[in-house]
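Chain nomenclature is as follows: A, B, C and D, assigned in order of appearance, with residue numbering initiated at 1 for each chain independently.
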Amino acid sequence: MVIVMAPEATQGDVDAIVEIIAAAGGSAFVSRGVSRTIIGLVGDIDQFSTLNLRGLRGVADVMRVSAPYKLVSRDNHPERSTIRVGGVPIGPDTVTLIAGPCAVETPEQTLAAARMAQAAGATLLRGGAYKPRTSPYAFQGLGEAGLRILADVRAETGLPIVTEVVDAHDVDLVASYADMLQIGTRNAQNFALLQAVGGVGKPVMLKRGMNATIEEWLMAAEYIAQRGNLDIVLCERGIRTFETATRNTLDVSAVPVAQRLSHLPVIIDPSHSGGRRDLVLPLTRAAVAVGADGVIIDVHPRPELALCDGPQALVDGDLDELARVMREFPPLLGKTAAGDALATV
Amino acid sequence: MVIVMAPEATQGDVDAIVEIIAAAGGSAFVSRGVSRTIIGLVGDIDQFSTLNLRGLRGVADVMRVSAPYKLVSRDNHPERSTIRVGGVPIGPDTVTLIAGPCAVETPEQTLAAARMAQAAGATLLRGGAYKPRTSPYAFQGLGEAGLRILADVRAETGLPIVTEVVDAHDVDLVASYADMLQIGTRNAQNFALLQAVGGVGKPVMLKRGMNATIEEWLMAAEYIAQRGNLDIVLCERGIRTFETATRNTLDVSAVPVAQRLSHLPVIIDPSHSGGRRDLVLPLTRAAVAVGADGVIIDVHPRPELALCDGPQALVDGDLDELARVMREFPPLLGKTAAGDALATV
Amino acid sequence: MVIVMAPEATQGDVDAIVEIIAAAGGSAFVSRGVSRTIIGLVGDIDQFSTLNLRGLRGVADVMRVSAPYKLVSRDNHPERSTIRVGGVPIGPDTVTLIAGPCAVETPEQTLAAARMAQAAGATLLRGGAYKPRTSPYAFQGLGEAGLRILADVRAETGLPIVTEVVDAHDVDLVASYADMLQIGTRNAQNFALLQAVGGVGKPVMLKRGMNATIEEWLMAAEYIAQRGNLDIVLCERGIRTFETATRNTLDVSAVPVAQRLSHLPVIIDPSHSGGRRDLVLPLTRAAVAVGADGVIIDVHPRPELALCDGPQALVDGDLDELARVMREFPPLLGKTAAGDALATV
Amino acid sequence: MVIVMAPEATQGDVDAIVEIIAAAGGSAFVSRGVSRTIIGLVGDIDQFSTLNLRGLRGVADVMRVSAPYKLVSRDNHPERSTIRVGGVPIGPDTVTLIAGPCAVETPEQTLAAARMAQAAGATLLRGGAYKPRTSPYAFQGLGEAGLRILADVRAETGLPIVTEVVDAHDVDLVASYADMLQIGTRNAQNFALLQAVGGVGKPVMLKRGMNATIEEWLMAAEYIAQRGNLDIVLCERGIRTFETATRNTLDVSAVPVAQRLSHLPVIIDPSHSGGRRDLVLPLTRAAVAVGADGVIIDVHPRPELALCDGPQALVDGDLDELARVMREFPPLLGKTAAGDALATV
């Protein structure tokens, strides 16, 4: 950490800080500039966290120089991780396609969507039984009945299930059905929920909060990791900006940035960021090309009847192009589509 | 609702929509323009919500023309509401000062902060026992022990308590101690929590999500209201923008906008938005002047030792000025400081 | 246009509006809903623009339903345009690589950078002689001396020149050297400059303002088009958001959105958006994959000595990978790298 | 400045930097931490600006610790400045009301608006003859004819004139009529224009760019100051955020922040930020209460006929309340309304 002193700080202010740091077991190096003095702190950052340095006399600013996350940081785990979900890999060597309906509505709709997903090369099935909706008057999902439908469709298709959990006290229930738990963008700082999924022993897909910096996203992952669960996949899904032509602004730069800071896999959700079907395929191509370790996509057999996010679901006619993207783009990145990776086992 | 057709939409597309609307029990009025046709829908908006109009052939855009919230809307309740918390009013006739420590740390610290709050004219005590923190390594609050301290300080000072709840399943416990439950900015779309506080029969202070539009904030209030609880106070606390000189950007315009759209009282938190002590008093003056129905402010007897948000807490020397603001500004708005309102009863 | 009346609007308010619209030569269709009345306006939007409809009694909102730009709109020109710069195409069939130094510093540096650009497959040379800098104390460019260097390097390499103009009254001078004029992000709403480049008869590359919506960007293009110049290439270069890990957030979704709204070609600048060399190649891949009609990239023979934006310039070791991206990705989009397109002529 | 080394940086990397700094005439102090080494640089920041430190081997980050602006900084000029415009003060002791029509349309409209402004206590007249408009099809102002109208109204009313200039080459012309030149939000980084107004010897009102950080705003002021003109008034007018209920988000915190960083006066424009008449008076109260040194407000005798921004103009019925705010609020801040300040001379 670096402390920047105010121009009017006195020698006494500087001495007092040096003493406080020493008392906390650290060392302080003073650099006296023309207009400002800076103090470099050496020691464990956690030692200093309760000192409230910013409140000390003469202090103008305190800058951190190392990351506040540890378990998910690449500093301490230089090799990038591969997470396995029901045997399906998500990691640096593959591009995993996760697809399915935004919300589970009926057994028929879910099975039809799963077949569409498979036709496009998906190796994991997405589908929501609990839907966090902005309006209390909107469809909130089928709950456990939806989980049962997902389990039946898994039995039928062989696709492991990714599904969202929205309340800490549903975690055990959802985990008893799901192969991977999803934390949605609105719960990206619901710390009680993060801790609960950290303790349940299932892989977690952590969507970036639509207002979260990359650092905050990694801190949310740290909450999960700290409970002993490092099977975390980060999912970029668009951030909130001033632009209104798209629902959110997909931040593709976040993929290489997060992959450099953390060893966790990073995937992209091109359906929810744009909120428009005509953007899904271009953004899927961009996602694979920027180096994402996977994509998660809404498909629906009859989107005009969908109870949730119908306007962004891919339809039958889009699947060939999606399959082509998953086939042709990963090799250019030195990656294998996860479907092909499994097929060749 | 208004449907805007694409330039290439056919007469058949328009007819199909008119039919669908009629089948749903509504009426559709077609206005054929030079380059575009628009269709005005008349009927209950809820009738149309499952129709997925945006997915129909030839539709370019669908615009809502009425608000999606109802119970909290001023359309249906033109008079602005006054909420009472342990007898203390928050509403159009008063400016209520809520003050106290960001986090409850010890009985002594909490009592000292409460005395500071009273000295400045506060009639409600704030203090957190459960703290949602970005880092899992930061102080997370004392939990129930903190609630007991708050109850003791209430007994000592007579100040009703406002305290945060962060997990749906703690709601009953927190409500058994608190006079008002606070929902923090990170939980502004934690719908399970919103529904839980909607059912517990205590007033709720709902902070605006730092990334929430005013409409989303009112929809979050609607979640609470829908469970039968209309004792809701909205609290603007800054939104996330590109500016980094302040922690968040206090959106004072949100006060008159929300007061016009909703009958609920609207207060401002000038401590957390700026994140800097030197901004708290100027922003408090702006809050009262723009017409806020109250302010909620961090005070701490020794901020340099605070376990949470010390840099923004007011200290002893600031209290006289805070008291002056609370005394001199409300009358210029035709309001009474809530402390004076109680004193004259 | 659609006028939404306030709930309290009277029949008289509605009648008055119908009359005003009729007097302006348009027609008004009234749809009376349960809680709101809406009025659809039919006629030329320009007729209504001076009416200040929002200020009329009883009006709650006025919504536009057609785009405010015309000459650049795809509505009136469904086929996407190809612009030629010194013979080099930028358009739907190609992916054009524009590369060179951020700033022209010396003849040697500029020539070396141009050779690097050519080695990577570039067919146009970028280079700034006038640099808009946030600080008045930073290097502001060589001015006309820089233009002369660019002209010499063009003579030596055969690469047409793209260079920025920052002042309306330099437009003739810059146009006398350049093959394409660039409008930078800080001048995206400098209307005097936009009009000046509209009148000079050279192709224009219009960077998106870092705070401009896609609609405002197209309106800026309309300013140029209105002066008779339709040889415009739109360039997405990142928008300002709350994220600080990157200088700006590259909005790749803007490419398919703008291509759908406008017939003009759309390219991406992956160097300035990220501001970091390690992001340039991933973002270049994403740019080509999302469907951009070209990319513009900083290269520098010795970035550690660059007078401007050195940290983001590609170096020699990156060129092979850039060349590979330009060779392998465009065919997957049904496009040809512009270099190959020229080579096969 | 502080250089933060990457974890993998070697001793040789550190030594190389120390040497480079010494060669540039500075000193480097090395603090070796557990995981990172930091190097504090002492010397004139301008010495280091061409070194491209970020590009050196082993460097992870470079942090500035002092402000990049000088002439406008309060560090070098601790006392806050008062600027005089035709004898009217704008500064720490006063609250100056500037009012008038958004655009000059006719002599009658301008005179009527000026009389309204005076009735509310204004001591300066605003009015635009050159209007930067998003659409090329919108009214662009009367140009020099508008300036003549302003001059006539000044002669009639005695109110000095504040008017916008949008092109560097109109500066002399506009300055020959105006008492104060205004730089609009879209030209906040039009450096050619900033330099031109820096050289013309008239006070300048510099609006904050709607996407400018406070630091960038002060750097824009530095461009003007560097040409010898320190008669600059900063004007906060709202920044662009995700919120769409208001045109922009008025950043009242920017007033105390800018007043602390710079000695220049800071005023607020409550008309353009909200874009809605019903917000103007609440935001004016907030502006004065937060400590702004003045406000600039749109008034129009018949806003429903205004050619520009009619929906936000105050009308006759609002003037009494505006006059009351200007009379009652400044004394609570220890300030005098500028009108009263003049009256008592």
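Quick note on the criterion: a residue touches a chain if its C-beta (ideal position, glycine included) is under 8 Å from a C-beta of that chain, and two chains touch if they have at least 3 such contacts.
Per UniProt, the chains are A, B, C, D = 3-deoxy-7-phosphoheptulonate synthase.
Bear in mind the structure is a predicted one, so any value in this text is a computation, not a measurement.
Across B-C and B-D, the chain pair carrying more C-beta contacts is B-D. Comparing the CA-atom centres of all chains against that of chain D, the greatest distance is found for A. Chain centres here are Cα averages; for chain A and chain B they lie 27 Å apart.
Centre-to-centre, using mean CA coordinates, chain B is 31 Å away from chain D.
Spacing of chain B relative to chain C, judged by their CA centroids, is 39 angstrom.
Chain D has residues 211, 240-242, 244 in contact with two or more other chains.
Of all the residues in chain B, the ones that touch chain C in their complex are 2, 4, 7, 29-36, 38, 40-44, 61, 63, 65-66, 75, 240-242, 244. Listing the residues of chain C that touch chain D in their complex gives 46, 49-50, 52, 54-56, 68, 132-139, 166-169, 186-187, 189-192, 195, 209-211, 216, 219, 222-223, 226, 240, 303-307, 310-311. Every residue of chain A that touches chain C in the complex is listed here, in rising order: 211, 213-215, 239, 241-246, 249-257, 260, 273-274, 278-279, 282-283, 285-291, 328-329, 332-333.
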